[in-house]
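Below, subunit A partners subunit B and then partners subunit C, in two separate complexes.
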Partner chain A sequence: MLAILLTVLFDGLAYGMLLFLISIGLSVTMGMMGFVNLAHGAFAMFGGYVATTLMQRAGVPFLVTLPVAFAVVALASIVVERLLYQRLYRRGPLDQVLFTVGLTFMSVAGITWFYGPSQQPVVLPAFLQGQVNLLGLEVGIFRLFLVAVGLLVAAAVVLGVERTRFGAKIRAAVDNPVMATGLGINVGGVFALTFAIGSGLAGLGGALGIQILGLTPAFPLKYLVLFLIVVSVGGLGSVGGALLAACVVGVIDMMTKYFLPEIGSFIIYAVMVALLMWRPHGLLGKKS
Partner chain B sequence: MSIALTTTGLSKNYGALQVTRAVNFSLPMGARHALIGPNGAGKTTFINLLTGTVPATSGSITLLGEDITGQRPDQRVKRGLARTFQVTSLFPELTPMQSVTLAVCERLGLTARWYKRTGEHRAALDEAAEILAQLRLGHVGHLLTRTLPYGQQRIVEVAVALALRPRVLLLDEPAAGIPSGESAELFEVIAELPEDISLLFIEHDMHLVSRFASRVTVLVAGGILAEGTPAEIMANPEVRTVYLGNSEGHA
Partner chain C sequence: MTPSCPPSTAEAGWLRRRGGEIALWLAVPLAVALFLPEYYLLATHVAALGLFALSLDLLVGYAGLLSLGHAMFFGIGAYTAGLLAVHGWGEPISGLLIAALVAGLLGLITSFAVLRVQHLAQLMVTLGFGLLVFEAANRARWLTGGDDGLQGMVVSPVLGMFEFDLFGQTAFFYTFVVLALCFIVATRIIDSPFGLTLEGLRENPKRMAAIGTPTAARLRQAYVFAAIFAGIAGALMAQTSQFVALETLSFGLSAEVLIMLLLGGAGHRYGGLVGAAVFVIARDLLSDLNPQYWQFGVGGVMVLVVLFAPGGVLGILRSLRQRLMPVARTSTTKAVPATPATKGGTA
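Our next item is the complex of A and B:
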């Protein structure tokens, strides 16, 4: 029984890492730039389709598709940001919500047109398949890989924001955009690049999550609520908070699906409500 | 080249509302120039047009001989135009030392090596410390900006602006909101600004204007009403009418 519990726990962690990779960009754009991008899930889905397309049509190895998915989605998001989103920064949240929800439905329809509504298959390379014995616990190698990638990205994002000059520019631009411009910082450029990195990470998460999350055109709608839960429970703009919240959400969702499939997702929403009543600004969010 | 900044026919409309009307203005090198006018005269809008925070509807702006009308605010900063704000605009969660260092790094283009730490550049840190010491902020350089008294926060703004080594410095009501007991330090700082910096400042208090400015421009309803020395302006009957005959000179 304990072994099953631990295995489910670990699967939940791996699932949480995927949620983290996808949600961190949303947390940054919502928390730092104050932009409500409900089409964020579509960027993740796009990453997934880039990866499957490369694997199926061109025989590109899985690991190679990951950085490509990151780069393609990041570049595409710059185009979207400069062309569309930039015009909405000064508008109210309702305009942003309506616009990005519309964009999400367009992406769902567009992907269905090109790829059909069915689930995309993925074949993992042999060395990522099977189980490995970790301290007496049988865990999936791929899930171990997901946890490692998630932690690496979390560390890179924290170090990047806290310890680099580009990170200092981001923090300055977020803290006071007018003043940052007064220093000669190109705030629009900094935001575009930050947005691109966040979207790229969503694309990476989408590509990594094909097997566990499943990849269909409904992806952005199916998981949007979970991404939003991670962002709000973690605290807007908080990297550590998003990581913690993603793990909590992943583990609880996995546990309830495994042990209480009848009420399944009810528990996760109940926990979210309770957490937000306890800490309205999220687990690690700053009071505003 | 004796003119630092010129505007030609500079105008700003919000729909049918004209907030800046064909302003022809020039700021000589090393000037100490005050911009005065009643509330709503468009003084801050004029400064915002100069810095590029607000795009001009028509007309042009020339900085050190270069047309900057189409440039972004950050590009104008890089060409030597710095400002402070009417309501202090700072990084509340950073210390003055960090804010000034960031400005020095940005000016030197050090942020191009984005992966480095901000505090890793010895020369930038030294320069920031020197600026803070000059402005008598050395002893509070390590405190969070939001914890400083308002008067000192305004001096931090000047410190950040100086770190950009501006050729033209725009001060938007530098003394606004400072309790009178705290303002003396700020005025010493302004009096001691390097002479090669051309200074344009918005100020309401005519005593301060006569103390610091050698020339004054009066802005009314978005257009220039009069220009001259502080004494000429105070004697100008039109200006006095605008200020409702307030002979105390306090607008």
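Our next item is the complex of A and C:
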């Protein structure tokens, strides 16, 4: 029983890492510019399709497709941001919601048009398949890999935000954009770059998650709610909060699916509402 | 905005102000009955969803609240009317009233939680409640039929006289009359001091609190009104189609009704109705061709509306009218009280 519990816990963590990778960009950009980007899931899906296309059409190995997915999605997101999003920063949240949901619909329909509605396959390299014995616990190697990548990215993001000059600019822009501009920080530029990195990470998460999350054109709509839960429960703009919330959401979701399937997603939604009642700005969010 | 609104104005002025509207409300059902009787079903759909969008407008367009879970009230109204009709209470009008009551109660209960939070948290809490109710209905198969939907509704004739017929004639006129009555009530609410208070809260909650408005109480009342209207809309949909699908509670419907409202123009009484008409008719036309066309098309339209026509269809019409008839502006602003130049949701 304990072994099952620990395995499920570990699977939940791996799942949480994927949610973290995808949600972190959304959290930072929403915290920075207050831009409600509900099309964020579409960036993750785009990364997934870049990876699967490379693997199927060009025979590129799985590990190589990951950085490519990151780079392609990051570049594409810069174009989208400069062309479209930056026109909407001064608009109300409703306009932003309508606009980004519209973009999501268009990308869902577009992907269905080119790839069809079915599930995309992924072939993992042999060394990522199978199980390994970790401290007496049988865990999937791929899940271990996911947790490692997730922790690595989290560490890189935290260090990048806390220790680098660019990170200091991001923090300044999140805390007080007007003052940051006054100090000569190009807030728009900082934002564009942060947005690109965040979207790239979403693309990476989408590519990594093909096996666990699945990859169909419905992906952005199916997981949007989970991403939003992670962002709002974690607290806008908080890297640590997003990591914590993603792990909590991942573990709770996995636990209920295993042990209480008849209750379904009930618990995760109830927990979210309760947490937001308790801390409206998220677990680690700051009061605005 | 000074209280230059209805109560004090004379009776003759009332007819002059509303005459055009009344003519419109009489002409539309007549036109449907005479020229498009094969579209009764579609028109019924438009009327019910139009009422639903109107109810959301009270929240989003007037009170400046955010909601991603409004389908909760629509669905609860639909299931209430549906369950009554399945279990032998087929009288439609009392069914509507009970559905309105249940939806209003749910609105009252949830309003305390929803109004505690703002911005993103408010979006997420409304979304969370919507998903909770959806999951509850999905799991309670014995009661709701789960994802097969609620079947076996037997609805009695309206007022004991008009039986629901195969062509949907009774369904259409029944829905339309209820919509018209609700629209009159909504107009009275919007024109009342209470309605102006809501607009004040949308524009500047702090100042409204400073001049002595009981902010939370007013918003809670608006939330309950919106829930009641949405519940009636859901009950209408259930009674006229004699079936309740689980989708009436879904997040997808919450998003769709928001799209309808913004497409038509939020913060305007006719915004929801126009948006519902455009949305439902376009879906009917395009889905026949190919569902992907529809999804791509509606996404594209949403993007274009936000970029180039933030006021929706009615916003375009208004700016056209102002460009064509700049002189008539003073009289029109008087006739249509409280047309916000900027859109709702500046919270």
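Note that the second predicted complex is superposed on the first by the 288 of 288 C-alpha atoms of A that agree within 3 Å, B and C clash if a C-alpha of one lies under 4 Å from a C-alpha of the other, contacts with A are read in each partner's own complex, and residues count from 1 in each chain.
Everything that follows uses one rule, which is that a contact is a pair of C-beta atoms (placed from the backbone, for glycine too) under 8 Å apart; a residue touches a chain by one contact, two chains touch by 3 or more.
All values reported here derive from a predicted model rather than from experimental measurement.
Asks: Quick one: classify A:Leu276 as touching subunit B (first), subunit C (second), both or neither.
Replies: In the superposition, A:Leu276 contacts subunit C only.
Asks: Considering only touches as defined above, state whether A:Ala58 meets subunit B (first), subunit C (second), both or neither.
Replies: neither
Asks: May I ask you to decide whether A:Thr112 touches subunit B, subunit C, both, or neither, giving the answer as first, second, both or neither?
Replies: In the superposition, A:Thr112 contacts subunit C only.
Asks: Going by the contact rule set out at the top, does A:Lys169 touch subunit B (first), subunit C (second), both, or neither?
Replies: Touch partner of A:Lys169: subunit B, not subunit C.
Asks: Which partner, subunit B or subunit C, is in contact with more residues of subunit A?
Replies: Residues of subunit A touched, subunit B against subunit C: more for C.
Asks: Applying the touch criterion given at the start, work out whether A:Thr104 contacts subunit B, subunit C, both or neither, answering first, second, both or neither.
Replies: second
Asks: Looking at the overlay, what does A:Ile229 touch: subunit B (first), subunit C (second), both, or neither?
Replies: In the superposition, A:Ile229 touches subunit C alone.
Asks: Quick check on the superposed pair: does A:Val187 touch subunit B, subunit C, both, or neither? Answer first, second, both or neither.
Replies: Touch partner of A:Val187: subunit B, not subunit C.
Asks: Touch test for A:Leu94: subunit B only (first), subunit C only (second), both, or neither?
Replies: The answer is second: A:Leu94 touches subunit C but not subunit B.
Asks: Given the touch rule stated above, what does A:Gly264 touch, subunit B (first), subunit C (second), both, or neither?
Replies: The answer is second: A:Gly264 touches subunit C but not subunit B.
Asks: With the touch criterion stated at the top, can you tell me which subunit A residues are shared between the subunit B interface and the subunit C interface?
Replies: After superposing on chain A, no subunit A residue contacts both subunit B and subunit C.
Asks: Given the complex with subunit A, which residues does subunit C contribute to the contact?
Replies: Of all residues in subunit C, those touching subunit A are 60, 66, 113, 116-121, 123-125, 127-129, 131-132, 135-136, 138-139, 251-252, 255, 258-259, 262, 266, 292-293, 295-296, 298-303, 305-307, 310, 343-347.
Asks: How about subunit A: which of its residues touch subunit C in the complex?
Replies: Residues in contact with subunit C: 30, 36, 84, 87-88, 91-95, 97-99, 101-110, 112-113, 221, 225, 228-229, 231-232, 236, 262-266, 269-270, 272-273, 276-277, 280-281.
Asks: Mind listing the subunit A positions that touch subunit B in their complex?
Replies: Contact set of subunit A toward subunit B: 163-166, 168-169, 172, 175-176, 178-179, 181-188.
Asks: Residues of subunit B touching subunit A in their complex?
Replies: Listed in rising order, the residues of subunit B that touch subunit A are 51, 53, 72-75, 77-78, 82-83, 85, 89-94, 102-103, 105-107, 110-111, 113-118, 160-161, 164.
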